[in-house]
Amino acid sequence: MSAAKGGPMLRARGVTRKFGGLVAVNNVDFEIPRGSISAIIGPNGAGKTTFFNVIAGIYAPTEGTIELDGKPLISPPTGAGREPILLVLPTIPFIALAIYFLMAVGGDTGLVEGVASVAVALLGFVGALLLNIVRPDWYNRLIKRIGVTRPARPNDMVVAGLARTFQNIRLYKSLTTLENILVGMHVHLHAGLLGALFKTRQVREEEAAAEQRARELLAFVDLAGMENELAANLPYGKQRLLEIARAIASRPKLLLLDEPAAGMNPKETEEMTALIRRIRDELGITVLLIEHDMRVVMGISDYITVLDHGEKIAEGLPKAIRTNPKVIEAYLGRGAAAGH
Amino acid sequence: MKVLNKKGLSALAAVAILAAACGGSTASTAGKTLTIGVSLPLNGSSLASAGPARDGALLAIKETSIEGYTLKAKVLDHAKEGAHNPDQAAADMLTFVGDETVVAVVGPFNSASGKAQIPVSSEAGLLQCSPSNTAPGLTKGDDGAALRGGRAVNYVRVATTDDLQGPAVAVYAKKNGAAKIYILDSTDAYGKGVADAFEAQFKKDGGTVVGRTGLPTGTTDFSAVATAAKAADADSIFYGGVTSDGAPLFRNALAQAGLGALPFYGADGIYDGTGEGSYVAIAGANAENSYASQAAIENIPGKDAFNTKFKAEYGKDAEGYAFAGYACAQILVEGIKAAVTGGDVTRETVRAAVVDKGSAFETVLGAVSFDEVGDTTQRIISLYKVDGGAWKFVEEINYGN
Amino acid sequence: MAAADVTSSSSSRPFANARLPFGIFAFLGLALFVLGIDQFVNALTLGAIYALVALGYTMVYGIIELINFAHGDVFMVGSFVAMFISSSLLGNEGAITNIPLLAGSVLVLFALTIGVMAIVGALIERLAYRPLRRAPRLAPLITAIGVSFILQNVIQFFFGPTIVTVPQLVPIEWSIEVSGSRVPLLNIFVIAASVALMFALQLFISRTRTGRAMRTTSMDRDASSLMGVDINRTIMITFLIGSGLAGAAGVVHGLYYGNTSFNLGFQSGLKAFTAAVLGGIGNTAGAALGGFLIAFIEVGASAFGYGRWGGAVVFSLLVIFLVFRPTGLLGSHSGDRA
Amino acid sequence: MSRIVDAVNAPFAPVRAYFRKHRSLGIFVGVVLLSVALPLLTRVPPFDGIQSTNAWVNAFTTAAIYAMLAMGLNVVIGFAGLLDLGYAAFFALGGYTYALAASPFSGIHLPFWPMLLAGGIVGAIFGVLLGAPTLRLRGDYLAIVTLGFGEIVPITLMNADKFTDGVNGIGGIDKPNIPGILQFTLINPWPMYGLVVVLFTLIMIMIYRLEDSRLGRTWDAIREDELAAESSGVNTVIAKLQAFAVGASIAGIVGVVNAAKITIVTPDQFRFAVSISALAAVVLGGMGNTIGVATGAFIIYLFQSILLKQLNTLVENFNIPILNQIDFLEFQYVLYGIVLVLMMLKRPQGIFPARRRMREFAPLKIGKGGLK
C-alpha cells in the first residue's frame, strides 16, 4: 500500500459516456481522497451506475481519463480504425504460407514440406490471434505508438488495485465460501498450468498460505466457520459480506461498493456500516460506494458526490450536501427545495 | 411405389439361421462346430448395400452341410451411427479371432474397414473374403504388403479392383461417343476412387473433363451440380458412387435441369437391379440411357437358380452384393470342405486351401481363383445399359490375367 | 444473460431498419449476377426448405434454449408422413395435370402432414423434454439425440434403408421463361409455399395472443408465468408449430426432389441449426435469412466445382461471420452458458 | 437404496479418508484394481459367452480411450462451461499426427512414445486456434462454431489428398514397441491395455490436480459468473484458452493412442457422431465429475459397442426360443436412443452428479499478523 504518496486515490477528469445519442455521464470531474470513504449519490437514472461501471472498467469512457493512485488507468480507446492493421500484419506470413500450401496441393511439393508449412503457418496465425486477444503489456505499448489504445478490462483494473462488488450479488454460487475468496485472491497467486499438474512445492506452499489468508478474511467479515458452506446456501446478508470479502481478497487500493446495504434490515445495515469503516481503518483501503440508503451514506461517508442527469451537481462533506438546494431539488423535484 | 418394404423378412432370415444354429447343439461340442463369421456394416445407410451381401452369405452357409460338423454363422455389425466404423470392424475381427470355432470370415464391406481388419486377421492367420472391397491398396503394392506385415495372404476378394472398373467404363463411354464429360463423385473411398480411375483413363483417351466435383453422402440437393453440368455444356455424365449416395437423385436432378437425355455412366455402385430402392426404381423413367458396370461375367450359369433360392428364402430378388456375398461364403465353404477332406480343420488349413492351392472355385459369379496377393483372377468387366426399365447387358471387357 | 447485457454495450443503429432490406437486395442482386438465373433459382428453392426447417429449430431454441437435435429427424419423419399420405392414402402415382385436383391434393397433403407432424412434435416435447424443464441445460440435449436415434431407426425399420420415391404432384415440365432460362413452376411453387408459411408464422407470432405469449415466454419464462401465461401450453404450441413447419418442409422436400430417405434428417438438421445460429438464434426472421444464405453458399460452391468443400466453406464463413457479429445476423437472444 | 449404500460404505470410511488426502495414490490404486478386476469378470457368465477375454480386453481398451476423451471434454464443458460440439476434431488431429509420423504413407517411422507428447502439443495448438475466435461468443454460438470446426477438420483431411491420402485414410500405422522388450501386436490386446491403463491413470490424476488448482477455481468462476470472475481479476480470455488447450491436448494424446491401436485413420472415423458420443458420456456420467464422466463413457461404449452388437449372441446363449427369433441388430439404435432418453429422464444430473468438492480443510488457525 503506497500510502506515503499524497494526492487523491482516484481522479477522474472530464469523464463522458454516451450510448448512441444518449449521454449517460457528462463531463464529470471527480476525486476520491486517499483513505476516505466516499459516496456517489443521485436520483434514479442519474448516471451513477454508468459512472461506476466506467471506473470499474466495464464501459470504456467516450471521453475523459481516470487515474488511480497517480497512474493513468482508463482513457477512451483511440485509433480503433488502425487496429485491423495490427491484426493483419502478423497474419501475413500465415496467408503467404497458406497460399503456398494451396499451390502445393496442386503442385508436387513433398509431404514433409507441406505439413511443415501448414504447421508453421498455423503457429504464426495462432500467435497473431493470441497477441490480439491476450494483448500483453509490451504489445499494448507497441500499438500505443501508432496511436491505438484500447479500453482496459475489469481484470486489468483488479491488477491496478481496484476491486468491486455488485448491486445484485454475483457470487460463485456452487463454490464454497472459501473457494470464493480464493478466486478473489487470483491476481496474487502465481501457480500456472504446469505448477498445478506437478504440484510443485512452491505451489503447495502458495496454496496453503492462500487458504490461511482466506480464512482470516472470512473471519474478518464475520463468516468464520462457514468455510465449507456453499455460497448459494448463505443467507442474503452473509452473501453480501462474502462478496465484500472476495473483493478485498485482491488487496485493492480502492474498493468500489455498489449499494452494499441494499435489501438489508436496519441491524444488518448497521453491521455493514461498521464493516466498511473497518475496511478503511484496519486495512487502509479507500472506499467508494453508491448507495440509496441516505442513512448509510450520511453515516459513513467522508465525501459525497451528487450526480443528476449525468452531471455532477454537487460535492462535499455530508453536512453540506444535506443542505445543498440543488441536491434537494434533484431528489424532491423543483419547488421542494424552498420548503425544506 | 411400395410403401412398406417387406421388413421382418431379414428378421425371418435371422430366425432361420438361428434356428438352424441352435437346433444343432450348443457350443459345448467344440471341435465339431465350425463358424463362419460375417463382418459387415449392417445399420443405417450401410445396410442398403451390405444387407444383401449378408443375406447371400447366410444363404450359402445355411444350405451347406458338412459330414461330422455343424456349420454356424455369426453376424457382427460394425456400423456405428449408420456408418461403417473401422474401429469396431477391428474389434469385431478380434472377437472372431477369439472365438475358436471361427475358421473364416465374410467381410468387410468398405476398404477402410478392410485396412483395419486385415492386420488383425493376418496376425491370427484367419481367412477372410470380402464381397465388395475394390481399393487396390488393400492387397497390391507396398500398402498391401504393409497390411499383411510379411505374413501369408489371408485376405481374398471376389470383386476386381477399382483400377479396372473405372477405366473400363471410360473406354466404353469414349466408344459410345462421349467427348465432354462431367464427373461427380460421392467423396467416399469407393466413389472417389472409381471416379479418379475413370477420369484418368478418359483423359488418356483424349476426352475432355468439363467439370468435376464431389458431394458427400447424405446430400439430397443435386440441382446445383446438375445446372453446373448444363452450364459446362457436357455431353455425358459420370457418377462415382452408389445408389444410396444419391446416384438416382443426381439423375433426376439432371432431368429437371433438362439433361435427362444425356448418357449417364456409373460403375457397379448403381448396378443394383430393379428392386425396391434400386437405381432404376428411384430414377424411374429418367434411368433410361444410364450405363453401369459390374466386375463379373454376365452369363453365370447358376444365376437363375440362385435367384430362385434367394427369393424363396427372403421373398425378394437377389440383387447388388447378394451374389458376391453368396460367392464369398461358397468359397469359404469350399475351403472348409477341402480342409475336412484333408482331415484337419484349422484356420491355417482352411486358409491354405483357399489361398495357396491356386485352385478355382465354382461360384455364383462363375469360376473364381486368386492371384498371389488374393485378388480375383477373374478380371472381367461387364457393361450394362438401362433399356426399357431394366439393365441390359451390352458388352464385356476382359482384362485377362 | 445479464452478463451479456452489461458487457456488450448496445449502440443504437439509426439506419438498422433500412440497412437490412438493402443488404438483402444487394446480396440477392450480387448472387443473381454471380450465379446466373438457373443457379439462383436452385439456391432460392433449397434455401426455402432450409429456412422452413430452421424456423422450427430457432423457435424451440428461443423458447426453451434447447438445441433440438431431433428436429432434423422430425423433418425427415415429416417427409415420410407426406410420402405415405400422398402415395398410400391419396393414391397418387405421379404428376397431376388437372389444376383443381392438383391444388386440392396439395392442400390436403399439406394439411394432413402438418397436422400429424404437429402431434408428433408435441408428443416428443411431452415425453422427452417437458420432464427435464428444470434439469441442467445439457440434459434435454442428450434426450434430443436419443429421440433422433429412435426416429431414424423406427423409420428405417418400417420403410427400409434405401432411398424411397415420393410422388411429384406438380409436373416438372411446367415452366416459365425468364430471360432465356427455363424456370420450373415447381421451384416457384416451393419458394412461394415456403415464403407464405414464413409470413403466416410471423403474423401469428406478432398478432395473436398465443404468439405474444410465445415471445414473452422466450424473453423471461418466470415473469410471463407470473403474468398469467400458461408456460406448458405455450411451449407445447411452439413445438406444435415448429414440428408442423418441419412437416411442411417434408411435404415440400418430397414434391421438389421426389424422394426421401431415413438419413435425411442429420444433414438437414445440421444445416438448419447452422442457419438458425447464423440468423441469430431465437430469431425467426433471422433463421429464414440464415437458411437462404447457407443455400446460396452451398449452391455457389457446387456451381463453381467446390461441392466437396461445401460444408467446410459454410462453416468457415460461419466462424468468420460470428467473430465479427457474435450474435448472428439479427441476433437478439444471447444464449446462456452451457 | 441409499441406506444400503451407506451401510456398505461405512467400513471403508477410513480408507476413503486416506485416499482423499492422497488422491493421486487413490486413483492409481483404484484404476489398477479395476484394470485387474475387469478381465477377470469376463471369465464369468454371462460375459464369457459373449466373446473371448482378448476381445473383451480390447473392448475395455477402446472404452478407456473413450473415457479419456470424455474426461478431456469434461474439462471444457464441465469445468469451464464451454459447450464444445467439435471435440472429435482434436482426436482426429492427434491421430493424423501419429499417422503422418509413423506409417508407410509418409515413409517416416518415428517412434511412438515421443509422438504421444507431439499429439498433445498439436491438440493444444489447435485447441487455442479454435478457442481464439470463439472467445467473444456465448453459449450456443460457441456450440455451433465448435461444431463447424468439428466438420471442417474431417472435410479438410478428406480433401487434402496429397497430405492425408484423402478419404482412403492412412493405414498400416506403426504399432508401438519398447525396443528389445515388447512389440505390440494386434491380436494380443494386453500391452495396449496396459498402456491405456497407465495413460488413463495419469490423465485422471492430472485432471484432478488441475481441478483443485488455481486454474480449476478460475474455470469454476468463469462457469458460474463470467463478469464476476473478470472483476475478481481473472483474465477470462487466457483461462478459457487454457481450458480449450487442456481439453484438446488430451484428445490429441488419446488420438495418437487410438491411431496406434487400430493402425488406420480415416476422416470418417472422426465425424460428428464421435463428438456427440463424448458429449453424451459427459452429460450422462455427470458433468463436472471426472470419475463420473469416465464411468459414463465406459458404460456408453460397452453398451453401444458390445452389448447391443452382441445381443444376438447373448440371447442365443440363454436359449429362450421366442427371443432367439428376433434379430436384435435391427433394433440396436432404437434401444440406444431409448436408453439415452430414459437415463436422462431418470437422472437429469447424470449418473454421478458432480458433488461439490469438499476438501478436507485444516482446522482454523487465526492469528499471527492478521490481515495485510
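Labels for the chains are A, B, C and D, by order of writing; each one numbers its residues from 1.
What we mean here is this: a residue touches a chain if its C-beta (ideal position, glycine included) is under 8 Å from a C-beta of that chain, and two chains touch if they have at least 3 such contacts.
Computed from a prediction, not measured in an experiment: that's the story for all the values here.
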Co-neighbours of chain A and chain C resolve to D
Using C-alpha atoms only, the most centrally placed chain is D
Rounded to the nearest Å, the gap between Cα centres of chain C and chain D is 34
The distance between the C-alpha centres of chain A and chain D, rounded to whole Å, is 37
Here the gap between chain A and chain B, centre to centre from mean Cα coordinates and rounded to Å, is 67
Check: chain B positions touching at least 2 other chains come out as 43-44, 82, 187
Two or more other chains are touched by the chain C residues 2, 6-7, 152-153, 157, 266, 308, 311
Touching two or more other chains in chain D are residues 133, 158-159, 225, 227, 330, 333
So, in the complex, the side of chain B touching chain D is made of residues 10-11, 13-15, 18-19, 21-22, 26, 42-44, 74-78, 80-88, 90-92, 94-95, 97-99, 111-112, 115-116, 119-120, 123-124, 135, 137, 142-143, 146-147, 187-189, 192-193
Within the complex, chain C is touched by chain D residues 77, 81-83, 133-134, 136-141, 143-145, 147-149, 151-152, 155-156, 158-159, 223, 225-227, 272, 276, 279-280, 282-284, 287, 330-331, 333-334, 336-341, 344-345, 348-349
The chain C residues in contact with chain D across the complex are 2-4, 6-7, 61, 65, 67, 69, 127-128, 131-132, 135-136, 138-143, 145-154, 157, 266, 270, 273-274, 277, 281, 308-309, 311-312, 314-316, 318-320, 322-323, 326-328, 334-338
In the complex, the residues of chain A that touch chain D are 56, 58, 104-105, 111-112, 114-115, 118, 122-123, 125-126, 129-130, 133-134, 153-155, 157-159, 163-164, 166, 170-176, 178-179, 182-184, 186-187, 189, 191-193, 195-197, 199, 203, 207, 211-213, 215-217, 219-220, 224-225, 227-228, 230, 246-247, 250-251, 282-283
The chain D residues in contact with chain B across the complex are 51-55, 58-59, 62, 104, 158-159, 166-169, 171-172, 185-187, 189, 258, 262-264, 266, 268-269, 271, 273, 304-305, 309-310, 312-313, 316, 319, 324-327, 329-330, 332-333
